[in-house]
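In what comes next, chain A is part of two complexes: it sits with chain B in the first one and with chain C in the second one.
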Partner chain A sequence: MADRQNEITTATKAFILKEFLPGEDPDELLDTTPLLSGGILDSISTVKLVGFLEDTYGIEFQAHEISEDHLDTLQLVAQLVQEKLGSS
Partner chain B sequence: MSSWGAFLGLAFQLALVLLLTQRFGIEVDRGLVKLTPLVFGGFLIHAILPLRLRLPFFLALSIAGFFVVFETHLAAALLAIGLGLIAVCHFPVPWFLRIVLLVGAGATLTAMCAGWIDAEWGRRIMPILGSIFMFRLVLYVYDLRTEKQRASPWETLSYFFLLPNAIFPLFPIIDFKTFRRTYYNRAANEIYAKGVSWMLRGILHLLLYRLIYQNYTPPAASVHDLGTLALYMVSGYALYLRVSGLFHLIVGMLCLFGFNLPETHHHYFLATGFNDLWRRINIYWKDFMMKIVYYPIFVRLRRRDATLAMVVATLVVFIVSWWLHSYQWFWIRGTFPLTIVDAIFWGIFAVAVLANSLLQSRRASARSLKGRAITPRAALARSLKVVSMFSVMCMLWTFWTGGTLEAWNRLLAAVAHVPTLQYVWMATNLLILVGLGVAYQLLVQRRWEQWQQRQSFARRSWASTVLMLGLLLLGTPELSGLHDNRLVVSVRAERLNEQDQALLLRGYYEEVLESERMLGGLWQAQANKPTRGFLLRQSGTMRYLEDEIHERELLPQIDTIFRDAAFRTNDWGLRDQGYSLAKPPRTCRIAVMGASVEMGSGVRNEEVFEALTETLLNEANTGISYDCYEVLNFAVNGLTNLAQVHLIDSRVLAFDPDIVLFFSHDADRRLVMKHIERIIARGTAIPDDLRTLLLGHPSPETIAEGSPESRLTVWRYQKSLLRWIYTNVVTSCRRAQVEPVCVYLPFPLGVVEPESARGPRMLEVAAECGFETIALQGDVLRPEGDTTSLVLNTWDEHPNPEGHRRIAKELFRQLIEHEHALGLGLTYNVDEAP
Partner chain C sequence: MRLTELLERSAARAPEHVAIESGAGEGLSYGALDRQAEELAHALRSHGVGPGDRVGLQLPKSIASVVSIFASMKAGGAYVPVDSQAPLDRNTTIFGDCGVRAIVVGRAQCDALCAALTAAAAADEHAAVFSVAAELPRDLVLLTTDAERQPGPPDLAYILSTSGSTGRPKGVQLTHGNALSFVHWCADTFDVGPDDRFSSHAPFHFDLSILDIYLSLGTGGTLVLIDEDTGRQPRALAPLIAERRLTVWYSTPSILALLVQHGRLERHDASALRYVLFAGEVFPVRHLRTLTELWPTARYFNLYGPTETNVCTFHEVTLPVPAQRHEPYPIGHACAHVETRVLDERGAPVPGGTAGELCVRGAPVTAGYWNLPERTASAFHATDEGAPWYRTGDIVHGSADGYVFAGRQDRMVKRRGYRIELGEVEARLHRHPDVTEVAVIALPHEDDGVQIKAFMCWGNGSRPSLIKLKAFCANELPGSMVPDVFSHHESLPKTSTDKVDYQRLRSLGDDPA
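Moving on, here comes the complex of A and B:
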């Protein structure tokens, strides 16, 4: 379970670093770094991230899940994806 | 500093902020003053209560706020309807049925708001009720369906009945989830400090707005080159400060009670593109649209095609935004304006944001975690983007707020033939701005940010306190000695600027304000206008005569409400008591010529100074010359001096007056010019000598073309035109053996006239043309203390009943003083005048 969550976190982090934070030190992006409220992800980047997660893990997001409550940190993202994988 | 020490410091700062709102009359019409003790006292008590009691206390405070601002029965009705709507959301029936019930309730309220159901109380609470529920109910129902963790009744009720909502109908769309999530999610003092700081920022925005609105907002008609056009556009866009100021004030106030809400606006004048602006300006609106419209559409369509999903979702967001702006206006004002200009504005915005989004979705948008060093190239790129975006927004905003395509075309026509050198000059100025932007980023920005980070909480508090004390000094002329400084006076109180006062005086609403959406002072005037009978045209009281120079007249035998005051006309269509056409024997008749002030806009018939003067004259009558005095009120809302010339010949002289009182105001010349533009555009016939005077040749068509040259020609001749008007009035009157008197009445009352005031100069011209002249400028017309004590309110500066009483008193005194010329037969000691 924890391994799976770590794997999701790592993949998501790699995607965010490549797409939205090119050239940034990976160590600076922590599991708890605020992504939406911190301004790293705007609405366009958020839907790109959602697209990535849906395509990578074969899951579907509900509209209300695209929010700070679920996507504001890598930790929250991994939790949500894990939940979805568990329920599918 | 201890947490209690910091709290006391914050309480002191809050007291200063609230003192500032009082000093500068911030939202005084809305009742902010009434709410101030609740905010301050409530903050102190709320902060010391145990956490579990704070939300119930906040709710109780908010409800108390509604009862303080509204009459008891209205506040009770508002709460009852609100509780009913919330209850429907929780009915134990399927969701579909709940939505149907809510739509049904909404339809009933819509009917009430639109006036289809005649309920006075309903109309009075509707702006606030609409403001509370029009968007928040949507968000609440949405979250109710999707949230696993149920909200407590305290959370729900506090979310809807928010303390500042008692006075602010234009309210940021607060998200329910955010409202719950951010409640005391940081240290209390940190949230309170943010609240105080945002309230101060809101006040600064509002003062800056006043400064620009009062001093740097030229009329569209004055645009004649790129410089004036730039000023017109920049100042128009800058008026948005009012909205951001109010939103900061509102959200800051909520922070005082632990709601650590995010920013509503973030440096929106520094946006680098349309997407960036969309994220910075009215952020809550953007979040609402993303949540309710964009994401649901995107999620549904993405599986099919991500690009298609983005295109469709973006376009729908802007179509809905367009519609919702009118929907919002409907609940606040009761009308639903959908204009072509709105459609074009939102259309351009949609296409630009879409293009930006598509571009951004295809390439990585680099952000930084720690903040990189700014390179000269990056600084230049950013500066260029900011200046370009700001320029484009100024243009787009001007187009939008202009209200009509004709207004936009007139502006463009005014600068169509400017020399190339002006374009070079404008480009140079823009490049200088870009250069300044680069210099700021390279030399100041980083240092400033680092300096801010280094400052302790205490030091920042000191800086804010010093700023507030400085502002208080500025707002207190007794201490600063700045009694007459024009700029300082202009920000001290909320009032219409000269241009909007003139429009109000002319009855602008009757003619132009069809778009019903503005961001300047008139916007506020519109939002605050009385609930009953604001427009004479809409109330069926006025007849418009397109073929006549005087354009309009009141209908006879009207008994209605105009601007919340009883309004009656007699058999002759005069706002007056009944008179016979033939003058009774031994009667002195005085005809009053004027516009809205003289007609008595916003006061009852018997309160108009014309009626009061008649009473004073008859009470003072000794019967030496006359048995009776009749003062007939020929004034009509929006009637210009030019229209009055025509009216004297066609109507007034038939009543055989002995004296004509021809009232003048500062804005007369400008209003006459606008009147001429209108009648020429309509093709109404004008006298040959007037046409010749205006153009120097007899072809009026050249004015109708609206070329800058003809426009300038018209403006150049305005002084001669005034002389023409005065001469014609005097000639008509003398021919009929009537004594013409030009009466100067300042509008609004109580304004300290500068030495260069136009009033006395206008009277000089009037005297040269043969008028007897009277200037109503005595001390009796100066208000004691509050400058608004003689006017209806801060946005409608027509005289109130007390203002009319004082005008009557002063006019009566002056009529007696001019006995030698008028021969009224009153042997009255003016010093004994009532």
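Moving on, here comes the complex of A and C:
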């Protein structure tokens, strides 16, 4: 369970670093770094992140889940993805 | 005639018909909207708002914000709407520059705005001091000032702020007559009526909202409000368009391109759509082609016009969009209510087909910028015959299908439909305490239209991480102005007069300084 969550976190972190934080020191992006409220992801990059997660894990997000409440940190993202994988 | 009469006439004709629907689905009839606006106008008057006064509105998209717009005008004033999600010091600057007499703010934002207004007053002895005057229905709070009244023209309807090259937004003044000439052109051009259901996607501080609000309410239709968060989310927008049976859609191409790519439009029945109107920037043809295939029932119009003129040229896209077409559609021919001309630097007409600056005059054209006589003077070409020509700054050339947009002659760019002066982005980035030099350029980008690239120089060893820099931007800049790319350097290339050399910047690599 924890392994799976770590794996999701690592993959999501790699995607965000590559797409939205090119050249950033990976150590600066923590599991708790605010993504939406911290200005790392704007509305368009959030939509792209959701597309990546859906394609990678074969899951689907509801419109209300594409929000700060559910996606603001790597931790929250990994939790939500894992919930979706568990319920599918 | 005033814009408020559009609502009043519709309310008299069909008081029970639904005028507006909130994002959550709450409906308000024409009769109730007019009555509530009248009551709020009474409250504004009783707190000193009168003809020629400006009323600041810092409100999220809601029924309350529509009521406040009409109330401000019914009280005799003009409304000054700002982005409720923008940095507060930008909003207080706009309110200060426009000399607003009163501000209507949502209760949730009231404390933060009051703190920002107090900070602005402490920093500038000429700044007006605001205090809470009344709690109003629909969770609104009214702030007023005791500063000396400075009434503006009594026919002023609203002031929309656009990005200013010096770092300070500038306010475009539009009168009732300006707006009505545009609304009447719309009503003559588009076959719409009480059965139509209009999207209200653009925020009210953006000029696309003028068509949404006044064409729908003036023709007795229903305006469906789309809140800011939903408006940015293609996944939420696509079902809303279908379920709320929208018949008229108006937005920037950016959001339509996002809908095409991420909205899963094929899952939702949007067959009620009759018109898809877009404006504000160039629509990439491949996304437009896909959209017309997914939404085949609608007619598609490219509308063009800066805030200063509202829509002044238009072009209907002939369907189907040919598979081999790549070049963007033209901005088209002049609307019936304006005169247009392509002029050279000196204000002389250019020969047909040659590129030049598109200039506009006529009933919808602004009288100028609020309190900025020099900016106003430089925005117009004086002429011996008739009214002066407003200079759009857009370079166009003529074609059989009307004008074709060919670029800008200054440092303004369009991003997600918003006008952005790169100078304002530079001025905002300069506020970072460790920055020593900043220069910003725009680069063409296939999906985003343009990307903003910032070249930054930092004091010794003080360069922040990209994450910290983005957090700084999120606090300092409206979302549409945040650079896409940062490039860090020891110093920036200069011209012989020691100004930043923007030509050489473009060829500069990304130095990992």
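Assume the second predicted complex is superposed on the first by the 88 of 88 C-alpha atoms of A that agree within 3 Å, B and C clash if a C-alpha of one lies under 4 Å from a C-alpha of the other, contacts with A are read in each partner's own complex, and residues count from 1 in each chain.
Simple rule for what comes next: a residue touches a chain if its C-beta (ideal position, glycine included) is under 8 Å from a C-beta of that chain, and two chains touch if they have at least 3 such contacts.
It should be emphasised that the depicted structure is a prediction, and the values quoted were computed from it without experimental measurement.
Of the two partner chains, chain B is the only one touched by A:Asp69; chain C is not. For chain A, the partner touching the most residues, choosing from chain B and chain C, is B.
By the touch criterion defined above, A:Leu29 reaches both chain B and chain C. By the touch criterion defined above, A:Lys18 reaches chain B but does not reach chain C. In the superposition on chain A, A:Gly39 makes contact with both chain B and chain C. Overlaid on A, the two complexes show chain B and chain C touching the same residues of chain A, namely 21, 23-25, 28-29, 33, 37, 39-40, 42-44, 47, 50-51, 61-64, 66-67. Put simply, chain B touches chain A in their complex at residues 142-143, 146, 177-178, 181, 262, 275, 279, 286, 290-291, 294-296, 298-299, 302-303, 306, 310, 357, 360-361, 364-370. By the touch criterion given at the top, residues 229-230, 232-236, 239, 258, 262, 448, 465-467, 470-475, 479, 482, 512 of chain C touch chain A in their complex. If you check the complex, the residues on chain A that touch chain B are 18-25, 28-29, 33, 37, 39-40, 42-45, 47-48, 50-51, 54, 60-64, 66-69. For chain A in complex with chain C, the touching residues are 21, 23-25, 28-29, 33-34, 37-40, 42-44, 47, 50-51, 61-64, 66-67.
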